[in-house]
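As structure tokens, the structure follows; a few thoughts come after it.
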């Protein structure tokens, strides 16, 4: 089993991005799975290309992307990606699309086909706070998740894919005012490893997991 | 032009629901439009039936549903409804479905076809805080929004539909601990009236409007 | 009975301040009390002078100051003022003292001698969210409250004094991103009137009122 | 130099308290200072006795108490303790005093005499989020801080004393809903060690440090 794990480079005013910092510290094997690590740019256009090229190159069984959701308290595993870009800031190429679809021939949204309830349960059983999120936003994170699921839907039906949002690192939080929530790099890294374990074990869970559910 | 506006009855431990409280105070005409007001039950099953019956009965041009999103600071106009129920509490019929689709033959998600950026702008120009939201949750609110857009997609292609979430009323907030954000009934009611004005005028806006956009 | 009620002028990047906006809408009499309204500058130095001059001029029985606490969800009545200035931004005179005492011969802190639990209860019984706060901050609001209580302690033993913090107005919140909590001007104004009623009636309450109490 | 560091036992519905968990992992020496570790009960009455007995027994140069402030995002070093108990829940002896002074012959409040700005700076320079707080609440934490500073003021003029509030542990946060902010035990422990280093070095800082400063 081969798992491609991507993390973004830094964007906005931050000089690190917990996403790729955590990805590059992952072990090279988790349970039976080989872990392939890839840094992708916080760019709508180049991340789209990078994802497709990496799938072609590595033929992974699973594509899991990691991104930063500054301000969230815990690890949030995304349920759904939507066919929309509404960029609140410029990406790293200076591009800021508004009210734009990601893929003209794509569906309005795709649900992840990863066992996200089992992933959340497995992380929480190991004492790390995690929930399911029902919005990946409208910036590059959502766009990458959408592109992964679009490609799975159109071309790579045997692949599983999904997205995990992680909090700020403490060093990022320490220099903001007011100080937002954060999580240590070790804990973020451990949570991704646990999420991957749950994927490899295909751990299912049908119970209610906490999360924003108006 | 005929606009059907629905609001929920109270649920959980609350004895009022700002949604229908505001709806019933709306004027009977807004600009050129006739306003039809309907209370719907906070029940997955009965709200689904109520929406379809009301569309058949009134043949509205627009269906706008209003629900409470306790804890949010402002008026939030929803972009998307997803084909999922994940009920954190029982509905008013004692039903609590988990990990269930709303409509087996429905799409993963539908975007609203209302001019939501124009609606947000119009509300804000009148000094009431408003944003677009990209998650209507996974409880009865999302379910009602999904059912409206599903019906529009399948049967009533000329209808427009959407959903607005409103904060707690001050009287609800005052008895919670810690005290959450709230908005006065007059202001909630005014914001719905302004949203409807923007619909009637088909007010468009392509600028960025603030909102959670990771 | 004579009650001097003060409110600040706008500061930082805001063009209104809910404090004086609400104060100037108060009735001229509340129960048996005559209400004297005074706008004071968001300036450490000039507010100090303005408060003392107003006490000398009007000989009030009660001095109640109103200030804005942007981001709070509800009306917060302050328990304590501390002998410290730690200005996060410049005041309206361009002054930004750090780690400075307000009065060299003053105590470390003064508790208000107003019936604040009764005031909170009276406001909440009228369906407006309110709590007690145990920090008035370290900017001009705390400084004015401290100066009032210092003067009461040193010279005007028969006067009662205190401070109420109020949320942003909706029009202020609407143009910030992310949008913070707010309260309508009518409701802020009503809450001050209710607080004054409780003072005039000397309404006592010994129950627990909600509030941040680590 | 001898530093007495105290941490509370668990209270309310939690089965651990990050305060003493962190204290017991501290090294026995930090720079030149000997560290004496003491668990104290979350009880108004018994913590008061425990603090005074420990000062008599160990004759420390510094008394630093650590407590949990559930919900805060970062390490918060307290500036001020007030002569008030307003217990939102029962302490571990079943006692819940309301509107009660801690010491009849005590001042309204005491400021810590520790170099708290230097402590905050030192922690932040080491990439851990920290701020100054201007309220230690009205429960047992404030009470312990008040008692330490009262004793310093009345009897032990050469001692320095203060209080640090720490966030929930991840394992506490993981089982709450909604999930609050948390910090890893290692990082909490490290931050206390850094705070003690700044005390030993008597590190001063006069710059503005971030914090709630209305």
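By written order: A, B, C and D. Residues from 1 in each chain.
What we mean here is this: contacts are C-beta pairs under 8 Å (C-beta built on N, C-alpha and C of every residue); 3 or more make two chains touch, one makes a residue touch a chain.
The shown structure was predicted, so the numbers you read here are calculated from the model rather than taken from an experiment.
Annotation of chain A and chain C: jointly contacted by B, D, touch as defined at the top.
Considering the contact criterion stated above, no chain is in touch with chain A and with chain B alike. Work out the mean CA point of chain C and of chain D, and you get 29 Å between them. Chain centres here are Cα means. That of chain B falls 46 Å from that of chain D.
Our note on geometry: chain A versus chain D, Cα centroid distance of 37 Å, whole angstroms. In chain A, the residues that reach two or more other chains under the touch definition are 210, 212.
Chains touching one another form the pairs A-B, A-D, B-C, C-D. Contact residues of chain A toward chain B in the complex are 67, 69-70, 79-80, 82, 84, 86-88, 98-99, 107-111, 117, 132, 134-139, 141-142, 165, 206-208, 210-214. On chain A, the positions that touch chain D within their shared complex are 73-74, 124, 127-131, 170-171, 173-175, 177-184, 186-187, 210, 212.
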